[in-house]
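Naming follows writing order (A, B, C and D), and every chain is counted from residue 1.
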Amino acid sequence: MTGVTRSRIPALLAGLNGPQTLGNSRLFWVLWLAGVAAFALLPCVASRYQVLTASNFFISAILALSLCLIWGFAGILSLGQAAFFGVGGYAYGIVGINLIEATGESGAALVVGALAPALLAAAVGALMFYSRLKGVYVAILMLVVSLLLGLFMRQTADPAYAIGGAYLGGMNGLGPATASDPSIPNLTLGFGELVAEFDGRGRSFYWLALGALVAVYLGLRWLVNSSFGYLLVAVREDERRTETFGYDVRLIQLGAFCISAALAGLAGALYTAWGTYIHPDGFSVGPNILVVIWVAVGGRKDLTSVVVATLSLSWISIELATWGEISLLVLGVILVAAMLVAPEGVFATLGAWFGRLMVRSRRRPAPPPTAAAKLGAAR
Amino acid sequence: MEWSGQVFSWIYQYFDNMAFLLLAASGLILIYGMMGVINMAHGELMMIGAYVASAAFYVGAPAPVAIVAAGLVAGLVGIAMERLVIRHFYNQLLSSLVVTWGLSLILSQGVLLALGPSTMNMPTPFGSFSVGGFSFGVYRMVLFATAIGLIAGVWALFRFSSFGVAARAAMENPRMASALGVDTKRVYTATFAIGSALGGIAGALFAQTAAISPFFGQNYTPMAFITVVMGGGASAILGLVYAALYLAGVQTIASNVFNQYVGYVSIMAAAFIGLLVMPSGISDFVQKRRARRMAR
Amino acid sequence: MSAPILEVRDVHKVYGGVRALNGLSLSVAAGEIHCVVGPNGAGKSTFFKTLIGVERPTTGQVFYKGQEVTKLPAFRRARLGLSVKFQNISAFGELTALQNLFVPLRRNHRKADIPARASAVLARVGLAGVEDTPVRQLSHGQQQWLSIGLSIAAEPDLLLLDEPAAGLSSEETARTAELIRELNRSGMTVVVIEHDMGFIRSLRARTSVLHYGRLFAQGGFDEIATNEDVRRIYLGAA
Amino acid sequence: MRAPVRSSLASSLFVLSVVGGAAVATPASAKDKITVCTIDDLSGDFSIMSTPKTYGYKLAVKEINDAGGIEVDGKKKLIDLISYDGQSDVKRYQEMAQRCVFENEADVVMAGYTGAEREAARKEVVRNKTIYWHNNQGEGGIADHYSFFAGPTPEQQVLPAIKYMVEKIGPRMTFIGADYNFCRAIGQWVRVAAGLAGGKIEMEEYFPFGVSQWQATIDKIKGAKPDFQVHCLVGADQVQFYPQAQAAGLKTPVWSNVTISDGYEHKRFAPPSLANLYVPPGYIEDVPGEASKAFVAKIRAMFPSTPYVNEHAAFGYVAVKAMGEAWKKAGSTDTEKTIAALESDISLPDAPGGPWIMRGKQHHAAMHTYLFKVKEDHTLALVSDLGMTEPQFLTSIGVDMTKKAPNRQFLPPDNPEWKKYLAP
């Protein structure tokens, strides 16, 4: 498929296409653009509640993409992705409270929100990967890190837990230390007089979140289809073999891990800015598993599927919450059914199936059969 | 208050902490260690055990009968789960995690809808005894003895019985085992059933000290997993014992030297450090050390 | 004979009570093809793993180009010019052949040059034209050759091949042997670890026989093939 | 090649916009009703406590509607009750609070059991200038223009009850509690109460939620030989203290304001685990009086499977009734007018636990609290009617909500007179 499409697609898109991602055809990109455009126009028809809820879904999708990068492409299982989300969220809040009155903007807080978890990932990741920790051991270690962070944040009810003007606030969540300190600021970007404030409840924030999601999505598509992306897949498929080409696999894993943490942190920072609220419940087992669910139900090896799954599942579960006691039961049934029908991910399976269907309906076999392929078929 | 009492109290706490980890993890170790399935619904099997035991107890069954009944019912539920769902997810760690998370939602929420938010737990039997001016509940020691008994039983089953040999063969190399006439399907189902029954029994035992609700089991699952993984895969059952010895030891020391908050945090910290030092779990680490010693 | 490019001295390796290597000493001269054979369980794979750095010997030393590399991780040995191919097929199935070659080539070459170099490597191992084919669609033999291609794309001084002929048809085996000779002619030292005596015969190179984790015999192929003791351990094992 | 995904996305987008269109179309009819939006834990760990609260809401709404509704803007309007399941999940509270405010355009939002749930929902509700109610005990001291609290505060439970315990049982006490905001606040209040009543705290320790093995702590408490213990043990793990303490022969009386009133532990633990436990509820089923009996009868008639009519049921009921009175008094559902009405000391003389009066300057309510003791067979004995307890804390530190709301939470250290009691 790649061989056919490569030549027909504008050079701009070439870097975004490849076998690491489903959906490389012109049709896909046309539909993709239509989808993004529809989302961009959504605030014109949807209610305020739907707009602000969708903003939250976009943030969740960024978080899911961050896990998809390390789990789907680098083969690192993590049960602690929400830890980075939480750290990013707290970092945004703490820096935002302390700087908003001095600088009038919270862009720096957003940057710190991405950097702080990346630093944490560098520290924890270096310890893990240089100890040759693998598979489920990484997953559990990251869960432990998340639980430890949660344990710490929960017991910060004492007013002594204040960083500048920010009071960590224990279970009740981050807030101002004294009555004269500001509360967690809205996302405010710009310098001096030229600042724009993005209220989490409004359309401007919606477009910003959508833009961030599209940017992260395209950025990751480019990354996994670049030679570094091939390297990630190589590490996933055979760590030892990759190492024998002279690569320090641990460093590659660490790099991917830090990028992933930064993206999760970005999502966390956006989440805090969205609701101007952050609390330590996000470090517990449930939220960590939720990220895994989004990625697994979508299909961990495909970015598009993960985004679609996250948006759909978030939407389904928030609608179910209005059904009362039966909601979690139904969600459980959906999860089990989805995993039984498509263990490799519902949307990835669906996408691959449709891809084959399209090829067949055009009555054109996918790759021009090379001599090699013929030889392969003969065997 | 005498020294003898204080020392005994430390030992008692150590055993108590260990019993908690061993019981919560005893069923999981089979399912994770032998089938490569992270069963997030294990806590719900414990919950079912607790409900069954409590119901049996209040219709007049003696406690031991109630506990056996809990094991049987949880085992049957386990068989159903395995036949319908789990068999598609052997050795797929995170996929199995997602699907069993779904099962756990179904089971806990189903029980909530069917039976309401809570039920009466069972009284703690046996009373207390005292050593050097300190008094202690007998039941916690019974828990510990039962935990050791269950672990030893499972170990013996897999070590000595023909079922155990077949099971280990099926885990190691399913294709080879089935070629040799082992019905691998049935072996898997039976292993899962035994793991589930152990969960049910653990739930019934905890039901005599803890409040019972549909979400009863969720408090045990994460800690049980950390223990199981800490133990490592080189020798699953022995690894579990090592992990319980290690984590409970750190916890007991930290709670007494500092306070119980530090003690609780120290389990997590000990797991963190332990995994970094022993990246494939304790049993693997011990095995490698032994190999190195033999080489010299 | 020229200076040894690779040398192991008195290497022991113990796994959980099993002595896989038991005082093995062996050296490989620069520029030669060197075959290592032995019956099942002789310690061939362990030997291979300690050479490439995936396993560390329990005791003993490994030297490469005169430098001790015993404790060097695999990727550092690779950067010194040691390249390997594992026994099982070790190309990356979910990437295309071209993308596979990106992995060894991107360390030493600019991105723009890589496709051309990759095509050259593919041509050299007889796989011209498969650039954009996902590797899992290639035949078993093609995957083996691509795997060798990946190894030589790193432009090594020493190439270690573990059972390069496993699972190949006789025609493919002959082509593989020809490829190895061709690589050797271009200046590469090649170590072949192999169970199949037929394949070794076609290489006609210096051969070391391992048995119970030690060097059992060494010499030209004919010398080894006619050695009564070697015949006995092979038959005994079979 | 991902058209199905895209098209399914597109179709869900379509669904979204259709739903959106419908939502835009509905407000006209919604205006005919008064909207009460509630979020409670119907599933998850806290459903034990919070499910009865929805019973209280439903009963109050039914009573008001059966009586023909409330006259606002010159027209009788019925109350529309919208209930969401918070699933014991903090993030869900934030999301559902938004739904209440924006989608349902609620006139009042009542949400949350724990402090974390409360803050997640409350922050979202008040920043959108909507009235918020929290209807069970909390750490108190929240002084916010839009926030009202139906349940008892620590000063109403801790101060009178500890005074009673010190006078009747003895001055020496130990304190153990869960390490989070509520129990930390209770700890501070206990210190204040001990200081005021002449008691002495021999030991004070906090524990994370997962702790379930208590032998070390039991030893420590025994070593301290207190006259009574004060507990703030929260969650399924921590309450395992009780059977363990019984088994280990620790029989010292216990006082706790988080047990029985929310989770009716005496109905869930086999006797005699909780024997000798003193609790100070604002309401439980065992509270005497005609109003209490009538309330229990009405709840059971409507929800026969109710395991126990707890504090949540009563204050959920009270909150809706109080809002009804306020709307009636204001003659409007306008937020500011309703707040003004609420601040004029709305009272419910026939509340389940006895007369209940919202103190407008405090946004907290005056009410009866009671001291019960759990007997060997787990029946409850009324030890003392602690009488009508007034919330005074905010007033004592100079807050008057009818004049200016500081929009923050105050805790005992904010009272300079209590500094001496709080010093470690």
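Here is the rule we go by: a residue touches a chain if its C-beta (ideal position, glycine included) is under 8 Å from a C-beta of that chain, and two chains touch if they have at least 3 such contacts.
Here's who's who by UniProt: A = Branched-chain amino acid ABC transporter permease; B = Branched-chain amino acid transport system permease protein; C = ABC transporter ATP-binding protein.
Quantities reported herein were computed from a predicted structural model and do not represent experimental measurements.
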Chain pair, most C-beta pairs within the contact cut-off: A-D
Chain occupying the middle, per Cα centroid: A
Chain whose mean Cα position lies farthest from chain C: D
Cα-centroid distance, chain C relative to chain D, in whole angstrom: 72
Rounded Å distance, chain A centre to chain B centre (Cα mean): 34
Distance between chain centroids, defined by C-alpha means - chain A, chain D (Å): 36
Between chain A and chain C, centroid-to-centroid distance (C-alpha), Å: 41
Residue numbers of chain C (touch at least two other chains): none
Set of chain A residues in contact with two or more other chains: 151, 155, 325, 328
For chain D, residues contacting two or more additional chains: 43-44, 47, 179, 206, 208
Inter-chain touch pairs (all): A-B, A-C, A-D, B-C, B-D
Touch list for chain B against partner chain D, complex: 1, 6, 9, 12-13, 16-17, 20, 109, 112, 116-124, 126-128, 130, 134-140, 208-213, 215-216, 218-219, 223, 252, 255-256, 259-261, 263-265
For the chain B and chain A complex, residues of the former touching the latter: 38, 40, 85, 88-89, 92-95, 97-99, 101-106, 108-110, 112-113, 221-222, 225-226, 229-230, 261, 264-265, 268-269, 271-272, 275-277, 279-281
In the complex with chain D, residue positions of chain A that touch it: 1, 22-25, 27-28, 31-32, 34-35, 38-39, 42, 45-50, 52-54, 56, 151, 154-155, 157-159, 169-173, 176, 179, 201, 275-277, 279-282, 286-287, 304-305, 308, 311-312, 315, 318, 321-325, 327-328, 347, 350-351, 353-355, 358
Touching residues on chain B, where the partner in the complex is chain C: 287-288, 290-292, 294-296
Complex contact set, residues of chain C against chain B: 12, 14-17, 19, 58-59
